[in-house]
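What follows is a set of structures for review.
What follows is chain A paired twice: with chain B in the first complex and chain C in the second.
Then we have the complex of A and B:
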């Protein structure tokens, strides 16, 4: 890996590699850091007014997660990585930093293979790949929406101004809005109660264009540190009723420490398995 | 006979992993599930059987915009008696006539009594969930059986359409078998 200091984003292809990972905790953290770095890198590209390289950067959130899979033994496979320089590095334990191959000095990280390759591999149409381009403006807009909603009382089954505006933004901006939401929820920058409410609505809203990324965000949010957020994710998945989430639910059940939430996750898993 | 109160289950975890919260203490957010009006709190008085709970879930859904999960707390009558909570019978306003007759109000509630009630829910209440898909199925069955008056259901048209689709699927399955 090239460790020289650079000032502009650099994208280059690398080859398939496998990284040893003996603890699922580390694997999840790795996914989180990769995602966070990915989101930041998109903003970074925008701030440099430079379009990403079509061959390597247009990733979907779903493809990031699916690109990280458990390999033989307890290894974790990161497929066809691309390298990219980002402005910001994230503080992580040394062990994890080594694992993800980014350092405080060089700010170099690895991103995953282009989404369209994964889609082709899965037999999905190329059109299912969407470029995620999260602007700071969108993040700011959604952050403000979340901030305003802190004072609202959310009643199950009742629409509210927050839900209406959230759904409107998603329908209008598609995966850009989902990307901004992902950034705010995964990095836990927003109120947990509001994030939980948002995740429920992400699950029950009807918008085929953002379906895959919404499902991905719900799956990912099962690993957030707030039990309220994890519960919102579980409910969102229950609304979507998509059996593709079963693996993530099983993993989340294994890790869940809140007894009541563990039972709720099992209830959702039963629903998906009984389809 | 227990009382049933709709809550948001995630606000009532006994160990929500909040380092500042001592065991047995009620997180403040949970109190928002005990929203009173005129110092009264709405509950249902029921035998606590699964089918009764399901009917309450249906009844409550008829008052909503969207089909959602139904989270509820079961409060034991003896606990309510110990708190000296006054209970009055008052017909509910759902589209489910049978369930409306189970409706009660806890009245003359003080802030302290409400906090005590929250403590009882956290300590001895049974907090459960009916998932949205099951709520949809229960709604569909209730409509077919005539338990609820469709004209009084407040769900949005697209939510009603989901219920109708479910019933159509069931009809097709029955006719094919």
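Then we have the complex of A and C:
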């Protein structure tokens, strides 16, 4: 039996509006720290921006309050002005990152995540269908792995340190790791050669818990701008040998401009259709 | 909903905080399938966010006495019914209303969606819900939970930090072969605290209130490799909500 009490603070702003949320008392302290940090670290925030954005408006306390709303999954979430600042979470100072989680595939940002809830996310039961928050830490871990693999020479079909570590991370973290991979590969933030290698291993590894999300990532990667990534995705799909990918393959064949890759995609489609 | 359960609707003490329908479609969803929100609600959504490259799409707007969100992302489609008014009730609970009422509304919504020609067939369906039941104190909450958890011996006076989670899978009654349903439930007592945030120094905690909290995730098992026939999606979802209702009413039973 797990023992952890759920505490749900109701945050009240200067405008006397209440913002209920199911977070622990720890979260209250985190929130105060976070707001203080927001107030005091605007210079830090701007200095960490990789690409200065003219639309970034300096935050005021009022705008933060207006930006905090309750969202799905009982989380506190940021909208509008506050969202602008934290949406590019890589630009946040390290001390802010500890209090924020970014859901890569929604417009919403999970703000406060007390430690016990993070543990729960890691240990979400296999039977759960709750949407997982990928988390900065996971993205950073995968990004580092990709970074170290940039100089590697990948030999076709040969297992290597990169593949071993990638598979280990996926088995350990499940769909959180796939979510991080999705964020990095689909938005094309990582080296195309390494992404391509990762995709083929995603296709041939055996891990039923992440099967659906791996297949989805492979399908999405067919639309990436890099031909190498698309090639890796095609190989991954061929390994999975799942006829459910045929619709995306047909769409990808229609769009494909590289003749050789188009032929490869057609071969994979033929393989799936013959099953 | 069975007549037996329907007759007991009024006696259900739970308030719903979040209702969720999740579908894992076959083939994977695309953002081209957007626009369902307006088709179902009959109004334009208040906000739409599309990220085609990431394959995600989000529609949101007021619905009934809360907010309705339709989200397409990764390999799934989520419908979420959440509180719209940020003002908490006097008891500190922000809910979308009685579970009985909100479930009816949500089932109607689900049926409308399943009835759309563009609604994809799914490999997996899920019904998630967070329910709250206001109680006077943590001890009262534990006593209340004891009624739902006959196999658990709770000592309300001398214990704290209680949380109980279990999955009790069952075979589906739908007639689909090898089709199991996970009944994942999590029981706890939630503490709600109000505090003024004007001052960033010090935590001025105000009144504290308590609620029994039940989080349910009733879903068709991942191991099922087939496809839920489109004409059976509504029946299967009804079975999921019936099972959730049964747990909320009768507690942790095999």
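By definition in this document, the second predicted complex is superposed on the first by the 145 of 275 C-alpha atoms of A that agree within 3 Å, B and C clash if a C-alpha of one lies under 4 Å from a C-alpha of the other, contacts with A are read in each partner's own complex, and residues count from 1 in each chain.
Everything below uses one rule, namely that a contact is a pair of C-beta atoms (placed from the backbone, for glycine too) under 8 Å apart; a residue touches a chain by one contact, two chains touch by 3 or more.
Here the structure is a predicted model, which means the values were calculated and not measured.
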**Asked** Which partner does A:219 reach: the first (chain B), the second (chain C), both, or neither?
**Response** second
**Prompt:** Touching A:209 in the superposition: chain B (first), chain C (second), both, neither?
**Reply:** second
**Message:** After the superposition on A, what does A:153 contact: first (chain B), second (chain C), both or neither?
**Reply:** first
**Asked** When the two structures are overlaid on chain A, which partner does A:248 contact: first (chain B), second (chain C), both, or neither?
**Response** second
**Asked** For chain A, which side has the bigger count of touched residues, chain B or chain C?
**Response** C
**Request:** Check whether A:179 is in contact with chain B, with chain C, with both or with neither, and answer first, second, both or neither.
**Result:** second
**Asked** Can you list the residues of chain A that meet both chain B and chain C?
**Response** none
**Message:** With touch defined as at the start, can you tell me which chain A residues reach chain C in the complex?
**Reply:** 1-14, 17-20, 22, 25, 28-29, 31-32, 35-36, 39, 65, 69-74, 104-107, 125-131, 179, 182-183, 186-187, 208-209, 212-213, 215-217, 219-220, 223, 244-248
**Prompt:** For chain A, which residues count as touching chain B in their complex?
**Reply:** 153-154, 156-159, 193, 196, 200, 204, 206, 227-228, 231-232, 235, 238-239, 241, 257-261, 264, 267-268, 271
**Asked** Which part of chain B faces chain A closely enough to touch in the complex?
**Response** 6, 8-17, 29, 32, 35, 60-61, 64-71, 127, 129, 131-134, 158
**Message:** Residue numbers of chain C touching chain A in their complex, please.
**Reply:** 17-18, 20, 22, 24, 26-28, 49, 51, 53-56, 58, 69, 71, 73-76, 78, 80, 82-83, 86-88, 92-94, 123-124, 126, 128, 130, 152, 160-165, 167, 169, 182, 184, 188-198, 200, 203, 205-206, 211, 213, 217, 219, 221-223
